[in-house]
């Protein structure tokens, strides 16, 4: 490589992210003059819409020329697809927060800007073509989320969540950085494409494997893969529900966006046992997430474990990048974003203003008292459980198909068996809503914004489930991915 | 004959390991955090060491490493800002930095 | 197969439909139909059937070997093709005539017998349905369709036995009949499966024409034969499935006459005769059939002595007589079996109807010990019953004599069963003939002759039945006398029935007897009747039952009263263990299997709690887990690297 | 080589103290020591600019912040571990395993060190100019993202600490917390 | 378009019924109209065109429906059964009848999909999608132990079908088929070795056996029927939803013929055992619905025997039996609902001699009982007969054992009828009202239709079973493809075991 390198700077590729940055700035400025965060929320939605429009135009444009900054920013098909996921997830979270931040007494002006900055980090992670950009994206993504987890200062659960998340997150980042250092040592570069080239040319394999392993471990932390998952249930339980709505989908999507890219580029060049180690981790994730979710009484915590379990399902796709796993991961995360954010949106209406009261008993008789809410939650949960014809099912088909074609039949079997467990715990909530009489007063809180979020997620879950083909076709352009 | 870069890497591994052990063994959140800083530094040391090593293939690779160290430093700084912020915010209510007190959400 | 057969012969195919229409009219609109319209409709339907059968019979070209009349396709699967089609030939026409002829008389009789019963419309609907099913049975051109009729008559039998369902024992009797018949049906079903496997078809014509081409004594044929025997035993109340028939007397008496005497119980005989070509190639099966028939005849005859119910005596007699027929078809004397079916239809129907007339007259009394001397007060009934008694006893010149003689002749001369104890068959049958004459004398004497032992109220009511009941008796009596002349032994004249049936029945080689031997046989047969009647006369009329009273103390008498203990044995060996097994399995299913399968499932939450236990809530332990994870990966990396 | 050993010894000693020191302040000061030792190592590795940054920014600014917070929060001496006696040895054991593995791998795949001439030619002592060039070319995007990151960090930290209604000084808080014995928000009363 | 009607009409009806909510008149109208329209649409199916539209082309899933073959029979029967069932449900469910009917109708659409799907993933979609309405019916409208029953049902059904899903995916992945369309799978899977096929078959079978159901995975069915809403309408759905045998018939066997041959001895043995077991246990039951559950389990055993005889007659017969028992079993479940409406009990001992007070009910019940126990001339006979006949050609022993269930059928069938309706009149019950009569008439008509003129339906089924038969013939080239061998072949069990 010549030095200094000729740069191919294309700011247009950053347009969706820049839209978020701009909106965040505007939000911060607004906060100086305006106490009502709803305006900020509205502006944020506008910004997200703008970002969406930019992203769409990039997506529909020639995705083949997506690389810029010397292959450090890859606005290719998967990245842009992940951007959609990020935007949609963020928008749903903003809608859920719209009325909730006031109700839960956590209406501080920096809320929405932080969410947007975090989403920006997610986009950077998805598009990162090197480990440094990845690290920066990761931090931009994470720092706001750490703080947002602790957003309800004074609420012990929220504090605890923030602190835990931060400490373990920083630990995870350190591991990732060290892995990056070793990988650099082995290949002389942080850019995936260069790493691949160097390793293909016969670099120190063990060192590279080690570096890649530690990088994967660091990302596995964000994605909540066993044994780096333990923060997730606690943080999801403790953090404010609207924040969980955001991070359960966007953080996970971003982590997997990075994971899948590394799995598709660097991982095949290092020692093959790393793949096996990842498979073991995925297997453990499936088991632990689903089993632990089974014994939860709180629905929020159950969903937290279920989120861990879903990391396992996406993990199946990550293991099979060459067999349709890439698009399967994107697709699955799209579906997951809709259904999981939807479920948390419903949950946010059930919990009280102290963000408590998510016991299964609270859902008893919801089918009678709040039929619409109950129906929506039923759809979300069944979709999470992989029941056709909802989005989660089509996602599972793709993910399992990819895993089987990559030779991970045993993992697919394990995944499906744990899915049975999953369906049992999802169905328990459905059963409470429909098979029991109300035991508590019906949750009285109503929010049009949250209803809109629920409706949108519902429509998405059903539509994507009934017509899964178009989105899958759209992201199958991934053959033209940069650095692959 | 200069010291092989890998010796520095080994040193960084030791520091990294110490940091990691500190994360596990220290009970005060701030000391946990301190240990994490040690780990980040270890990573930086490794990068710098390998940066010198990669001078063999010309300037690009070596300087890429040193640049990265600069950025990691910035990341560490940002983490410190946020971490200490959370720490302070929580300390207001808890009057302790003992991470073992942060175990109400479990199972 | 003459496809261009006379159109008139095909008319018989409509007979079952007519009966079915009759059944539907009474069944669907029964509430709006009064007496005697229901009976008239039903009788008319059967009458039309009889006329159709008669026309077909007359129009049927005697030398033809049958032709088919196909309504529609029935079953189609692979190479299996079963039609809703009738095989109209000599055999089915004879059977149709008997069914509709005797059936018509019994329908008419029923108009009187069932007068005043609130369920009359239901009764006639079911009776018509029975006739339809029975006609399907005999007309069917394939085994499955025959099975349709076969089960159909079983269902009707069930319905009619339990006609007065509010009495528990009637319902029980109906159930017993149905279930025992089902055992036979299993034989029929499996026989069909095997038949299809062997012949690739279930068409009667195909099977019977292909059977002679298969090796003599082939195991498959023997198996088919034995399975068909099981079927026949169920339907025709042969050992060991005979136990339902005595109980079946719980139904109205005309039902007993029609179903459990004249027609349905002879279906087994018809089945064996129909598939005679199979048996002709399977001597072991044929011999088994013959022996089952003979033993049944003997056992039932013994049991008949000990009965006191006017109808149960006749029921055992029926079992015994059907045993004769089965013995005949087993020995290969198919025409003789069918011949006996015909004659038996007349005299046994007559006996039952006579008994019904008596029961009717006595207001429901059925115990022969409280009868006697009724012949003097019910002249028509008494006289006709006497004719029937003499006919069944085998008194020469009456119908029973001819058919029974034909059977004896057949068992003695058949080469098919010669190796399987043919002479013994003959001897036992001859003995049974003696017994038959004796117990029938007992029956007649206790009911119609001797002193009156009526209860006072019965005595006051006794009257001769109305004409609608007595006219059929007379007609049947005429038949009982004359039917025998259809089958006069060849050396005496033309054996009309054997000639008529010969184109369709399997031919089995028989020894040819000299004229002297033939005469000896006839004399022997007549002597048997005479001896039997004589013994009966001595025991009941002369000895006035004193010897009988002593004999009644013997264990064998108790055994005979209970139908030779088959019921108790069946209870002990099948019914009660079966119930216990069912109960036990039900318990196992609920308490063991269910819980056992649930065990691994309920273990999952326990495992899950373990997974959740790991989630201690302590940051440092979480960090340790991460550290262990990372360190493990590095260690593996080093090991893998070193080993490389 | 001797220089390396001294640096290594100092750095490790500091690291051990970070992990083991009873007094939090001691631990922080030990980390400063380690950081300076690492800075010396940077010099040895021809990264002079980074060494300077390390001392100024890291050992200087960041560690001062740490010390300030430690003082501010009055972090007490760590009480002896009451439970999990197994935790410490396990952690050390696992840590050692990881260290051996990483160091072993690095040493196993050791490459000859480049001669000083090459290093000098390429790195030019790790001068600010070289670093600046790479930051504004290769790492242009990253450099911008660092800006975003710092902005984010500042907003995040401030938003949590500096809240309207909770704006009292931190040092006043322990009293306030103690004066509030009732059930806290978020707990069922 | 007509092909889609059996899917669309019930869904629209379900939406309308849900909207109608508690207005019974409206619900009744919707139930009747939508089921009638669906029935008419189903009658038109044999002439309709197949559909094959891309659905998830990237994974090889298409929206492929074929209204021909067995589907044209099964869909029609389902539609016929649903007419009186939905009507009865609309009239007799006390609370929230609209939702009950809506779920019934949704399930109807799902069933139509199961039978028409020609893409294996699509098949699975309908297979699993139908589960939810039936689960919700049980859970929301069942009796007091409904939640345990629901959980059990869910665990069994999902546990089985999820493994089936993996197997489905693995079939395509391992065989290298381009899509999940049945034609592609059949062609591609031929290359799979017998061992692989057997494993894949076992995976498919786990899901299908649960829904046949076969011993020992049957106990959910008993609980389901016992705990379902007393009207019996939900049990009718449970009856319709026993589609496991169809799964074997339409998918597992044609796609994996070698696997089928290898595992057939196991499943035919299970089937024969189930047939006898169900019949025997049924004889000892006094709870009407449990009795029907076990009895129908026995039927399913015979169906399985028919299918796993791997003989064309048995395959035809089994599927025909499957269709036929929908009518007789469904009708009897409705009868139990009517009885319960009269005397609030499912215990046989709470009844006795009610034929006197309710003769029409008794007559129709008896008719259905006779159909149920396989009396010829009524619906169950042709199927039962052909299933056993076909199985006998290849596995005589199993067929003979299964045939013994016929005796048990006689016992429990006649027994329960007599204990309910005959004997001294210890209980009074009002006779059928006009609406109830209309509810039962379609069952009776259907029973007669299927019993008397089975040939047209059998021919349509055979058009589909030929696929399986041809695959089997190619795979094993033994004479099983055609039963017409005059000479008894080699010992059939050996032939099955000796699949190459």
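Per-chain residue numbering starts at 1, and chain names A, B, C, D and E are given in the order in which the chains are listed.
Going forward, a residue touches a chain if its C-beta (ideal position, glycine included) is under 8 Å from a C-beta of that chain, and two chains touch if they have at least 3 such contacts.
Owing to the predicted nature of the structure, the values given are computational and were not obtained by experimental measurement.
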Item to complete: Find me the chain with the mean Cα position closest to the mean of all the protein Cα atoms on display.
Response: E
Worksheet, complete the sentence: Leading the contact tally is the pair B-D
Practice prompt. Could you work out which chain's C-alpha centre is the most distant one from the centre of chain C?
Written response: D
Response to the item:
Chain centres from averaged Cα atoms put chain C and chain E apart, in whole Å, by 35
Worksheet item: Which integer distance in Å separates the CA centroid of chain B from that of chain D?
Response: 5
Fill in: Between chain A and chain C, centroid-to-centroid distance (C-alpha), Å
76
Worksheet item: If you average the CA atoms of chain B and of chain C, how far apart do the two points sit, in angstrom?
Response: 96
Worksheet item: Among the residues of chain A, which are close enough to touch at least two other chains?
Response: 3, 5, 132, 136, 139, 143, 146-147, 150, 153-154, 156-157, 162-164, 167, 171, 175, 182, 185, 205-206, 210, 233-234
Worksheet item: Which chain E residues touch at least two other chains?
Response: 155
Fill in: Where chain C touches two or more other chains at once, by residue number
612, 615, 617, 619-621, 623-624, 627-628, 630, 634, 637-638, 641
Response to the item:
Inter-chain touches occur between A-B, A-C, A-D, A-E, B-C, B-D, C-D, C-E
Worksheet item: For chain C, which residues are in contact with chain B within the complex?
Response: 612-613, 615-620, 623-624, 627, 630
Worksheet item: Can you list the chain D residues touching chain C in their complex?
Response: 84, 87, 90-91, 94-95, 97-98, 100-102, 104-105, 108-109
Worksheet item: For the complex, which residues does chain C have touching chain A?
Response: 604-605, 607-612, 614-615, 617, 619, 621-623, 625-626, 628-630, 633-634, 636-638, 640-641, 644
Discussion item. Residue numbers of chain D touching chain B in their complex, please.
Written reply: 1, 3-4, 7-8, 11-12, 15-16, 18-19, 24, 27-28, 31, 34-35, 38, 41-42, 44-47, 49-50, 53-54, 57-58, 61-62, 65-66, 69-70, 72-73, 75, 78-79, 81, 87-88, 91-92, 95-96, 98-99, 102-103, 106-107, 109-116, 118-119, 121-123, 126, 130-131, 133-135, 138-139, 142-143, 146, 149-150, 152-154, 156-158, 160-161, 166, 170, 173-174, 176-178, 184
Item to complete: Could you pull out which chain A residues touch chain E in their complex?
Response: 324, 327, 367, 382, 386-389, 393-394, 396-398, 400-401, 404-405, 409, 412-413, 416-417, 419-420, 423-424, 427, 430-431, 434-435, 467-469, 472-473, 476
